Each structure stands twice: as structure tokens, then as C-alpha cells.
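In what follows, chain A forms one complex with chain B and a second complex with chain C.
Let's turn to the complex of A and B:
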């Protein structure tokens, strides 16, 4: 017997992982939640059939979405994580002792409950005393905040389904308002490779460029996401992602990482020409 | 209002007949010529084969909308039961045709009808078709919000006293903004003077399926009502219902409807009425409970932003706002220094959100069962952003005023009179022979037979400047206007 999980990366491309067994399946108010165990990737979480994370490669995503902004703004004290109910981004954040408070806003309580139970690797630091979990729509939460956060991490699902509000101009604008004058925002920004994902990526970039004075994009290689080539957005009111980056200061923190390092930090902002072209297409006045 | 026979409401005779017909696999040698879509592949791909297979002609097993004797008759009876009317007509030429049929059923050429001036263009069109003469009652005006309201009972009483020969009173209930008149008292008053009561209930379908919403026309004892099923009722665009009551002749009204309605009634529209009626009868109560709650939630959140005013029942004043439809999400925008139409355009152009309309001082977002809370969050957040990014000083913002029309000629006489085209700015003092209106909402600024004044021209100019979509004139740019030739 062979049991396979398959996700369609496009209408014509499938990505399959052999599954040992399904550990959990449930339907929340917002989405279908599944946890599988696999020989190659360990346990993995899917939402509505889309891969969210695997135990084997989640470190790449979570290190890149947290350490890049933290290395630019090491004095960040108040951090807001929107989405990210799996706890992976929070786990990386809790390693910074200077952070005083982390608000995690996840719309779906069931995702958090399931991850706590089946994915302690990512959810294990959700009980850190600095973490407050808010179960509500990120768009609504951030609307009410002004001049509060040093860093906002948008760890969203895809631009359709319950996470779609987190790819909108009004959301990025609300985030801008919620940040302090030197605050910054990073977001997962889909893939540039397949056209459908690339359009979503461009739309997000356009809206962020419209909302923030500094907006750059960086990349990482994530084997289980469509095409494996993934982008993140770096938007900031003040700091430049590479010019205001102090490598030695970050090194002094002594954090042990598996993917991120200061050279990766600089290199991640160097983009392939076709990606640069896609981004420039939606940047005004260029 | 919820007093129907629940058991029979589970039937959908037209849907069932269409399904039976499909199962028979009849070979079509009749119209439509696309032959269940096979003759127009592109259209079939676009609309879907399911849809094209039921785009069929009237025939014995499917009845005939012009003269229903079987399944359409049965479906109309079920609709009448669901809406508490003596009879319900399925309409496929829009609520426009339902409003026109109401007016033409009770008024002949030269006969008077009492109505508020802030009616939809379809009501005044009916006057052009029939030759009936309007007696306008000035609607109330909320000066703070800049919206015209319902008719007060006292004003209707005065109009009836001054025009005892009028045949009918037409009430616009609720208005686009959700404002209701004292329908019961107006109806009783008109009936005491042997006048018929017609209700343009285009925005009130949902009232029939909730105990918490304002009174319906049929409950108030009105004689006829035009109900836009395709608005809050969920049927396809252009489908509608005309309800009659109090012994109004079904046969005569059907003849009036058939004067202007197509003889090729679309089964897509007809079946959508049948299916939607069933859904409303069985689930309407829960549906509109949820819609009311969503609208209330959005109002609370919008009012939290500050600067915007999402208004509701607190505006009720016992007269020109006798009641308010809480499913309507109307928001006053002038206090952030933006006209409603400007917020409307920003929502679409900057935030990919399409709302129902924006006028000089307000926007209206239409909330229905198709909405999700997460979409409402987007609307609220976008409004918050618009305030942050675009708010201005409110000085110089024009509030909407009700401009009392100067009626010089009956609409039909003016429409068919010898006319000439003049540039707008040269038309002051002349009698116009056509409409000028912002669309939406489609309430005429000028109607045929009314005098053009400087005040009206200034208003048109301002509406244009703010980006309102003006329509009604022969000149597509609305730079020129047809006025009656003098001398």
C-alpha cells in the first residue's frame, strides 16, 4: 500500500509526499486542518489541502521571516505576529531576550490547538510568558492599533481563503499605522515562479510599495512550497534592510541558526533578473 | 410578517418542471436558436452548460408567463402565500416594469397620482407612458445627513385634501437608504378617501421574512407593491415580483403588464424567482437575522473609526423617518471632508471594494446573505485607511439639499412636446423635457416638465465635479439638455 499527499502547485503540476499515516483531520469554522506523518518530511500541517509546514524544512521559513528583520532592528521590544498559529515564528522570536511582548493574532483557534498537540517542534514556545494569543481576524486587530509595534510579522496563508484580507492594501496601511516611527514589517510574499503565484506576489508588492517608504523583497529556498523559490517582503518606515544591518551586533547575540547567517542576509536581497523585472513592473515611477 | 403555509412552501413548481423537462431529453425544433447551447459554444463555455439547457421557450409543460395556467400559476400562488398577497406576478423586466404596471393599473391619462418627488425614475417613466399627472409631496429632509426621507402623514393628508380627485398614493418604502414612512397610517388615510395605495418596495423584499424589520406593504393593507426579489431576495438581476391585494383585478393587471413585458420571459429569471421564494420562505428568517447582525457589527466598527457616521434607528423621528431598515449600511462621510462619491471611488480604485453607491454626503454598502465577516473587515479597514490617508477639512463641502421641483407640465406632455437642445448653463428658467439624475441612485434631479433653475444647475455642476455618474439626457456627456421650445 502507498499513501500519498498531493498538492497541485498549478493546474498541470503536482507535488506529492508519501504519507505514513494521517494523524489528524478536522474542519474548523474557517478551513480544513490536516496533520500527516511522512517518512521524508516528518509531520506536516496542511490547511484546505495546501502545505503550511513540514518538520523537516520549516526552519528555513521561520528563520528567514524572523531573523532578517530582527537583525535590522535588534532593539525591537513589541512584536506582532499575524497568522502563524503554528507557533514557528514565535519560537524564533522568543530567542531574543530584548523582546518584551509578542502578540500573536490567529483567526483560527483550532489551528493553534492542533499544532500544540501534534507539532510541539513549532508550537513549543507559545506558552512563553511574553506571548499573548488573540483569536481574531488580523485585519480587525491591527486596525485598532496605532504607533505601538516595532515589528509586525505577517505569517499568512495564501491570498485566498481566510487569509485573503492579509494581502490587501487596507491591511498594509493599517500595519503602517500600527508601527512606531522606526518600525518595520515583513510578510510572506508567495513565489515568483508560477504565474498565478507571481501575480499574487506582484499585487502584494505593489500595495506594500504604496504604503511604506522602504520596500524590498528577499528570497529563500523552501523545498515544500510551490517551485521551492519563496519570497518575503521587507517594508520599513526608516531602516534599510542591508544598509542598516549590523552583522557583528547580531553575531554577538550568539543565536544558533541552521539557515540564516549574515551573509545569507545580504545575499537574500540579491534577486534573479526575472524577479526584479516582476517587481519593477508594479513599482511606480520606475 | 411570517404567516405562510410552510409545507407547500417546500415546493418549487418551476424548478421541478424544468428538471422534468431536462430529463425528457426533448429534441428542440423551437427557439431559442442556440438549442440548449449547442449552437453557441463560446456562450456555453462562458455561462455554463447547466445554464444554457434551461434557457428554453414557453411550452405546455413549462407554462407561459403571459398567461399562466399551470406551473407558473402554481409558483405565483406560492409566492403570493409567502408574501401575504392575494396574487403575485412574476416579473422579468425588472422592478421598473412592476412600478410602471402599478401606476398604469390605477391611473389613466390625465388622472392624478400623489407621490414623493424622490422616487426612482421608473415611477416618473410610468407617468410618461400613461399620461398620469403627478402631485408631488415633498419628502422630509435630514439636513445633517443630507438625505431625503419618507413622506410625513400630514403632508400626504394635505395633498389628499387639495387633490380629492387623485386616484392613488405611491409610497417609496423603504428608500434606498432604508428610511420608512408611516405606511399603515398613510394607507388607511388614502383608503378613507377611496384612493389606491401603491408601494415601491424595491428595497424591502426582506421585510416579508422577518419579525424585527419594518412593516411590509401587504401587512399595512396596501393595494399593490413592487418587490425587487433580485435585490435582497437573492434572485437573478432583472427578476421581480408585483403583489396585489384588496381585490385588485388579477386579470386586468396582467393585461397591463403584458402591454410592455416581453412575451419571451426568460426561464432563468422565472426559475430564479421560484427558487429564491422557496429559500426565503424556508430560511429567510435566519438569513435576515444574520444580515441584520452583520450590518450592525459593521456599523459599530465604522463608528469606532471616528469621523464617519453609520446611522441607524436613532434617526427615527415618528414621521418622515417612521422606521429604519437596519440591514442597510449607510455611512455619512462629510465630516472627514470627503463626498460620499469620493469615498465610493476610492474604495473601488484603491481598495478593490465595490459598494452600492455614493452620493454627495453618504455611501451605501449593500449587505446580504452572500457577505462574510472577513469581507466586512476589509470594508471597515479600508474606510479607516481612507480617513487616515485622504481626510480633509470639511469646509466647502456641499450637503445634499432637497430642491423643491417647480412642475410646469405633466411629464408626458413635456416629454412629447417640441423641444430643443441647449447647453446646460443657458437652460436656466426653461422647462426641461428629459431627466437628469445621478445613477445610482437614479432619483431624478430634474424630470420632464420641471423648470431648470440656477440652484439645480449648481447642484448638477457640483455632482459632476465630485465624480457622480450623470445620466438621463439625450447628450451622453450631460453638457446639453433638451428644453421645451418657446413661442
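Let's turn to the complex of A and C:
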């Protein structure tokens, strides 16, 4: 017998992973949640049939969504993670001893419960005493906060379904308001390669540019996401992502990483011309 | 009716592209050659069922295998391309007016003929008067040359089947001999992500390190290759790939590119820690 998980990366492109067995399948109030075990990627989590993370390559996504902003703002003490119920971003954040408090706002309690049970690799640090989990809508949560956070990490699903509100202009504006005067925000921002994803990326970028004085895009190689070329948004009130980045200060922290390093930090902001063109289309004079 | 081309990226991972129709299928003396047309990627070429190039993303591979070495050695006059019968590397090379002669050594004449007919996007510059095509075994061709080339581009298939000899120590040693005293060589070097590819990458890197005083690895996002994270080897007698790279000199050439730019050049050599570890395993003290 052969069992294969297949995700359509576009209408005309499929990515398939052989599965040993399905470990969990459930329907929450918000979405379908599945956990599979696979020979190539270890355990992996899907939401509504879309790949969220695999044990083999989640380190790339989580290191890049956390260490890039933390290396620019190493004095961050209070961090908000929106989405990210798998705990991977929180795990990387807890490695910074200077962080005093992490608020994790995940709309779907069932995602956290399932990840705690099946994915201790990512969820294992959710019990850190600095972490508070709020089972709420991130859009509503952030609306109520003002001048509180040093860093907001938007670790959302795709810009449709439960994650849709986390790609709106209102949401980015509220994140701006919730940040301190030198605060910054990063978000997962889809892929530039397939037109269907690139349009979502452009729309998100336009809205962030309209909300923050500093707005850049960076990239990583994430093999299990569509095209493998994944983008993150870096939005900031004050700090520039490469000019205000102190490589030696980050190195002194002594954090062991498997993807991120200071050269990757700089290289991640070096975008291919075709990606720069997509950004210029929504940000004239970039 | 739905028609899908599927490639196994590993025993447990499949990548599938919907096909409008098969335009060509033939068996040469060396390999099976197919051309398909697809809604997402345009026309694409496979050899023995492995993806070689698609019209949509071939620019990434060909720009990165040509402009990186040319930007380090802009005075290159005589270039050897081994493999690359699709003509994509030659197309990028012909844009440099300083290049006086390009030798293309392709073992399989049928690949060139099929690409001329179905893929003018890549093969269209094979008629440039500076190009000489040799239908020979690259391993034998390079053995006979000494102190002739400024640049050798090894645009091979995977390290099994017809391309196998282009990953041997003897071949790299002969490339060294065929290069002038300031010459350099680049090669496609597989992916670091899946263990089956990473082993081939490590083996090639070890052999190049043993043959050249300067040996580095660089990367690009190529969505239709396994994992999307693709590596190239940069081997040189004299020039360092980033320290001897003059960004403003390259910019003055005025070449329009869709992926490559001087910041990408530097960023491409910034490797993730896990890739650096793989290289250190075969190159102690790196």
C-alpha cells in the first residue's frame, strides 16, 4: 500500500509526500487539522489541506521569522506572536534571555492542543513561564493594544480562510499602534513565483508600505512551501533591517542555528530582479 | 482529460506538472528526450524523465550559472560550455561583447536539434558566429586542451547516466589544466536538502576542492528543481568570487537580467548553516 498527501501549489502544479500514516484528523471550529507521519519529512501538520510545517524543514521558517527581527532589535523585551499555534516561533524566541514576555494569540485552541501532543519539537517551549497563550482573534487582540510591544510576529496561515484578517490594512495599522516607538513587525508573506501567490504578496506589501515608514521584504529557501522560495515582510518604525543590524552583537549571544547566520541575514534581503519588479509595481519609487 | 508529468524528487516526494500536450518524444543514443507544453510553465524539456528546464524559470538557472562567473572575470574572451545543449547558458554568454569564442561541447546532437526546434527561447543564440558546437564527450574534449579557456561552465545533467563523467576527479583536474592561469570553472552542483542529492553535492565539492585553490558554493531559488534550493560550484585558480567581484563594473555593462544582480551575487554565497556543515564534512578546516 502507498499513501500520499498531495497539495496543489497552483491549479496546475502538485506536490506530493508519501505518508506512513495519518496520526490525527480533526475539525475545529475554524479549520480541518491533520497530522501525518512521513519517511522523508517526519511528522507534518496541515490546516485545511495546506502544508503548515514538517519536522524536517520547519527550522528554516521559524529561524528566519524570529532571528532576523531579533538581530535587528536585540533589546526586545515584549513580543507578540499572532497565529503560530504550533509553537515554533515561540521556541526560537524563548532562546533570547532578554525577552521578558511573549503573548501568543492563536484563534484555534485545537491547533495548540494537537501540536502539544504530536509536535513537541515545535510546541515544547509553549510552557516557558514567559509565554501567555490567548485563544482569541489576533485582529481583535491587537486592536486593544497601544505602545506595548517591541516586536510583533505575524505567523499566519494563507490570506484566505481563518488567516484572511491578518492581511488587511486595518490589521497592519493596529499592529503599528500596538508597537513601541522603535518597534517592528515581521510577517510571512507568501511566494513571489506563482502568480496566484505573488498577487497576495503584492497586496500585503502595499498595505504594509502604507502603514510603516520602513518596509522591506526578505526571503528563505523553504522546500515544502510552494516554489520553495518564500518571502517575509519586515516592517519597522525606526530600525533598518540591514543598516541597523549588528552582526557581532548577535554572534555574542551564542545561539546555535541551522539556517540563520549574519551573512544569511544580509543575503535574505538581496532579492532577485523579478521580485523587486513585483514590489515596485505596488510601491512606485521604491 | 488531465495529463500530468510527475518527477520523483526522492523515493518519497513527487512533483507534478499538468501538461497540455506532449510535443516531442524521442530516444537518442544516450537518453530519452521529451518536450511538453504546460499551462503553468510553458514548454519544458526532460531527459530520461528528469526536469531540465521550463520556459518559465530557466532564466534563473542560466543567469546564475553565467553572470556570477562573468562578473568575477569580465575580461573572459574564450569560454567552454560542457553540456548545456539547450543553449540557455550560451544565450547569456553571447550578451557579453568581450567574449570572442564559445565552445559548446554536447554529447547528444539530438538534444540540440530538439531544442532548436521546440525551445527557441534558449536555443535561439546557438547560431551566434562566436559559437562552435562540438558533438563530443566533454570528458574527452577537455582532456586534450591546455591553458586555453578563461571560463569553463559545466552545465551537466545529474551525476548518473550520461552526465556521470562530469562529476569525476579526473574531469575537474582536466578542467584545471584547460584553464588559463586566471581561469575559473562553475558547475551545477545539485541540492543540499534531500540526502540523496546532498551526498552527490558533497562528493562533487570534495573533488573540486582537491583540484582548485579557490572553491566556493553558491545558491539560487529554482522552483522546478528538487527542493527549489539549487547549488552551483565556483572553482578558480586566482579570483575570489566575492572579493574580486566589481559590482559597478558589471553594472556598467548595462545587461538586463530578471534574477541576477550584484546584491544577489553576494547573497548567493551566503549559505545556511546546515549547508556549510555539509561542506565542512568533506572539507575540514573550511
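Assume the second predicted complex is superposed on the first by the 283 of 286 C-alpha atoms of A that agree within 3 Å, B and C clash if a C-alpha of one lies under 4 Å from a C-alpha of the other, contacts with A are read in each partner's own complex, and residues count from 1 in each chain.
Heads up, the rule we're going with is that a residue touches a chain if its C-beta (ideal position, glycine included) is under 8 Å from a C-beta of that chain, and two chains touch if they have at least 3 such contacts.
Note that the structure is predicted; figures quoted are calculated from it, not measured.
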Partner chain in contact with A:270 - chain B first, chain C second, else both or neither: second
Contacts of A:21 with chain B and chain C, given as first, second, both or neither: neither
Greater chain A contact set [chain C / chain B]: C
Touching partner for A:162 - first (chain B), second (chain C), both, neither: first
Contacts of A:261 with chain B and chain C, given as first, second, both or neither: second
Chain C residues within the chain A interface of the complex: 4, 10-18, 38-40, 57, 60, 193-194, 219, 221, 223, 227-229, 257-261, 263-264, 266-274, 276
Complex contacts: residues of chain B adjacent to chain A: 301, 304, 350-352, 373-374, 377-378, 380-382, 384-385, 388-389
Residues of chain A touching chain B in the complex: 137, 139-140, 143-144, 162, 164-165, 168-171, 173-174, 177
